[in-house]
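Labels for the chains are A, B and C, by order of writing; each one numbers its residues from 1.
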Amino acid sequence: MLRYFIRRLVLTIPVAIGILVISFMLTRLSGDPTDLLLPPDATDSAREAFRRNYGLDQPLLTQFGSFVVNAMRGDFGDSLRFHEPAMSLVMDRMGATLELAVAAMALAILIGIPTGVVAAYKRNTPVDISVRGISLLGQAMPSFYLGILSIIVFSVWLGWFPSSGRGTWWHLVLPAITLSFQLVALIARVTRSCMLDVLGQDYIRTARAKGLGESRVVWLHALRNAFIPVLTVLGLQVGFLLGGVVVIETVFSWPGVGRLAVQAIYARDFPVVQAVVLLFAMIFVFVNLIVDLLYAAIDPRIRYS
Amino acid sequence: MTDTVNGPERAVRKSQFHLVTTRLRRKKPVLVCGTLLIIAIICALVPGMFAPHDPYEQSLLLRLKPPSFMDGGREGYFLGTDHLGRDTLSRIIYGARITLLVSLLAVAVSTIAGIAAGVAAGFYGGRIDSVILRLIDMQLAFPVILLVIAVVAVVGPSLTNLIIIMGLSGWPRMARIVRGAVLSVRGLEYVDAARAIGAGSWRIMAYHIMPNILSAIIVYASFELARMILLEATLSFLGLGVQPPTPTWGGMISDGRNYISLAWWVAFFPGLAIGIIILTFNILGDELRDALDPQLNHE
Amino acid sequence: MIGSMLSRTATAALLSTMALGAGAAYAETVNIAQNFDPQTLWPNGTTASDNLNAGSAIVESLFWQNPASGEIEPLLATVVEMVSDTEALLTLREGVSFTNGEPMNADAVVHSIEIFMDEEQTPAYARVSDLFESVEKVDDLTVRITLSDTFPAFMLALSQISVVPPSHWNEVGLEAYGQQPIGTGPFVFESWTRDDRLVMSANADYWGDAPDGITELVWRPVPEDAARLAGLQTGEFQIVKDLPVSSIPTLENDDSVSLITVPSYRIYQIGLASQEQHESPLQDVAVRQALNYAVDSQLIIDALFFGRAIPLNGQVLREPQPGYNPDLGDYGYDPERARAMLAEAGYPDGFEIDFKCPSGRYAQDREVCEAVAGMLAEVGVTANLIMLEPGEFLRQLRTMELAPMYFVGLAPQDDPGFQASQYLSEWRYSPIANEEMDELILAGATEADPESRAQIYRDLMALMHEQAPIIFLYGGVDIYGTDARITGLEPRGDGRMFFYNVELEE
């Protein structure tokens, strides 16, 4: 178990290095931040001064070398726009992003799994059909459109929720629901189909034959076994969530990492882009590692060696 | 299901195809969705036959006119006009072409890349497998939307670039599915048998492995089609989708979003079109999976 | 405000008590929504208006250009006396001190001007400070500035020098100062949660007239247009900058908010590059003129900007600017004439040309480009639209890869000299190389006498009108929305907002 864990950790190293290299190349290819951070009619010597200040005048290979050396120590350089260490800018906003992502994930689990179970149990009844209909609809809308519509309806017309920003719990409602919309639908669908598989298995019949209560059979025995694929999907969807925050944070002015990343890409703020990409990637890798470990906890038959 | 090398296997496959199609034809949702999909495809192929106007023809004097069935609507503009006075209906019809084309080709790119990587990893195993697995991990961990934004910002949002980049963003999942499927059939007797009678790697892959993982690929691809349409819409929102004046549904929603309170129809109808086509892809994918799933054969 | 809005619905009753409690405490808070969070609050750190607006509420400059009068008026300096064409004596305001107690005097101003002249520290202002040669203290309230040449835009430069407390600056350094500045302005820095809120409180010891009824400013970055508009309508924001054009009809009918549209200094144009290295039909002046006849800029103004954008009258200088030529007018929409001129120039069937356009850099940029391409199609010119992401667009502008034809909105420093110099042959993104124009541009740059300078620019405008290096489209419009209780807010055409005469009524 421990050896497996360590082996997986070691395997993330080449992944991290690969991501660093790709993000470095991508950002350098994308142009010169000087064009964006100085007015278009800036003088040539002012442009040179700016480039010198940020080491942009160095040969690419030199830049890459010092980037790698510094990145090893967790130093991604200073943001070109904010003149602060890029990693600390990102970490400052991580709280807001996690708040949003965790809320959306919680909604997805709390709403998606029970509806999926009910839909499977009541297969081909109106309940099932409406759950499937709604969950399919949820996956059929671009999230930015859903977000803007919800601002207009729930903030401007009804006045129930603030239209943007972060602060009270009320501020969290619209962005979290919008972000979780597709996820709830997906989880409900996956749960339903896994439950259908499980409900047809022999051991469920055995459990029923033993005279166990129906709800106990469904919620305990069946769900427990259906949970592994659901968990896998949840783990993979962390990547989707981290991508989703990019749009949702922009629409709802949520002060998180996603919005920082988009603006950093547009402004060619290389250090920040690199820090965000690496951080998101590492979160994704670790969440999925934890998901792997959870398998063993849920299903004792799974052993890692 | 299949345990001999040549003739019988093919016969089984043929009857399986028959089984699947009859099973699908019996379902009402499949019929409805199939019809909708065919309509969309026809629109995409010959938009000129249905569109009442030229989708590019603009008239600033006729901008933001409501649909003809509403007050103030104008005859001949059934779904109203957009912010440049172009006919919304015609743009939706022409938009079907680019929207479907982009998602179809992007899925094709990701499927081909995914199959190549997945088959290689599953079939050869060993070092190739572990290298490909690391690449898959890397790509999965790289936030797709940031990757796409960064690349599109660099190379520019031309149609070809978008298709390639969106497609490459989807290959690792496909590769995983294919690799898993290859692993599960690799050890089966008929593959060993084929090898025993001297079939080469390519032959084994093409004749014995691919047919057996095809259903998994088709089902996954149908969901990917829906995802690509949404991805293009999201890119349009960020200003990096297919560029004007070419109409795409995602782009139309994105352009219309500032006019929602002034002229809701500009964004609403393309939104409806996207919703319907994605529903269609998802339902068809679901049904296809049910129909292809051997476990359900006993029902 | 939030409270009254929420209580409209019964379901939100619980919510509203909560919000009302908060509302009472923030009664005199003004929430301002801008597109971006500032990068730095030190006004000389950048030229982006979202940064400057927030920064200059704290850090003041020597003079300011008052948008109400259009004149450059005293702020921390009271008088400037030109001893000669290249030497000026600056008299400072007496009895002003920074909020950390340091006096605002000649030492502080000399220190600040030295920073302004150093292009390592203020690269964004290097063009304005180019002709500054030296600065020295004469006495406690007098400073001498020496210029290397006649500098007609000297006053404009003085209006951009922000004055910082020297001991504090030397203690914390440029970067830290930008994050938590100390100045002489009407507001004092309180706290800043990045990308979320920047809070300032009123300066109780402000030397001038403090804005009435405002005890706190909260700056909020809200990138999505629809969300800024929504926040204004719900009363979450009292001042909103850069509203989308499509909000004009909605806000015109809303009594609880005021709609302020400001003619922008930004001049929108379609560059028609005609230099030797850019081979295209645009090298022929008749073709460039024909394209001006082919584009109905008035219709663009009326339809896409609800009539609020400004006609250019066939020149790049605006009405009150010296050098504006009243004899010129718009080319006018005349597709017949355009077609005839194209035929005469050898293009009876029109031609095909690449047309580059930024996507998301300017208000309505995509729409305008699509509209222009549509109009050109009418006269047989097929313009292949190529949309560029804003960063890529700026890169191509610098290297002039945008040629031969591109949409751009140019807003240099507000002086005809800076406007004109963008069409100088040797300038990196000039669309034209014309010796006659060059002579006028260079003459205007160093002409000290205001009247002869204005005449030079009037001649230049006439020549440029005829040479048509651009399609003259429109002057931009900036759209602000405020709570109806706010009075006296007069934003300037370069996106700048000041609080000098602003009031928040009960």
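As a working rule, a residue touches a chain if its C-beta (ideal position, glycine included) is under 8 Å from a C-beta of that chain, and two chains touch if they have at least 3 such contacts.
Nothing here was measured: the structure is a model prediction, and the numbers come from that model.
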Identity of the most central chain, Cα criterion: A
Chain located farthest away, centre of chain B as origin (C-alpha): C
Whole-Å gap between the CA centroids of chain B and chain C: 45
Separation of chain A from chain B, taking each centre as the mean of its C-alpha atoms, in whole Å: 22
Distance between the centres, which are taken as Cα means, of chain C and chain A, whole angstrom: 38
Chain A: positions in contact with at least two other chains: 30-31, 148, 152, 156, 250, 266
Of all residues in chain B, the ones touching two or more other chains: 153-154, 257, 260-261
Contacts with 2+ other chains: residues of chain C: 226, 389-392
Interface residues, chain A side, partner chain B - complex: 11-12, 14-15, 18-19, 22-23, 26-27, 29-31, 132, 136-137, 139-145, 148-149, 152, 156, 189, 193, 197, 200, 236, 239, 242-244, 246-247, 250, 261-262, 265-266, 273, 276-277, 280-282, 284-285
Chain C partner contacts - residues on chain A that touch it in the complex: 30-32, 35-43, 45-47, 49-50, 53, 81-84, 89, 92-93, 96, 148, 151-152, 155-156, 158-160, 162-166, 168, 170, 250-253, 255-256, 259-260, 263, 266-268
For the chain B and chain A complex, residues of the former touching the latter: 134-135, 137-138, 140-147, 149-151, 153-154, 173, 226, 230, 233-234, 237-238, 250, 253-254, 257, 260-261, 267, 271, 274-276, 278-279, 282-283, 286, 289, 295
Chain A contact footprint on chain C (complex, rising order): 2, 5-6, 8-9, 11-12, 15, 18, 36, 39-40, 46-47, 119-120, 123-124, 126-127, 130, 175, 178-179, 193-197, 220-224, 226-227, 230-231, 233-234, 236, 389-392, 394-395, 397-398, 410, 412, 418, 421-422, 429
For the chain C and chain B complex, residues of the former touching the latter: 225-226, 244-247, 249-250, 299-300, 302-304, 359-360, 366-367, 369-371, 373-374, 385-392
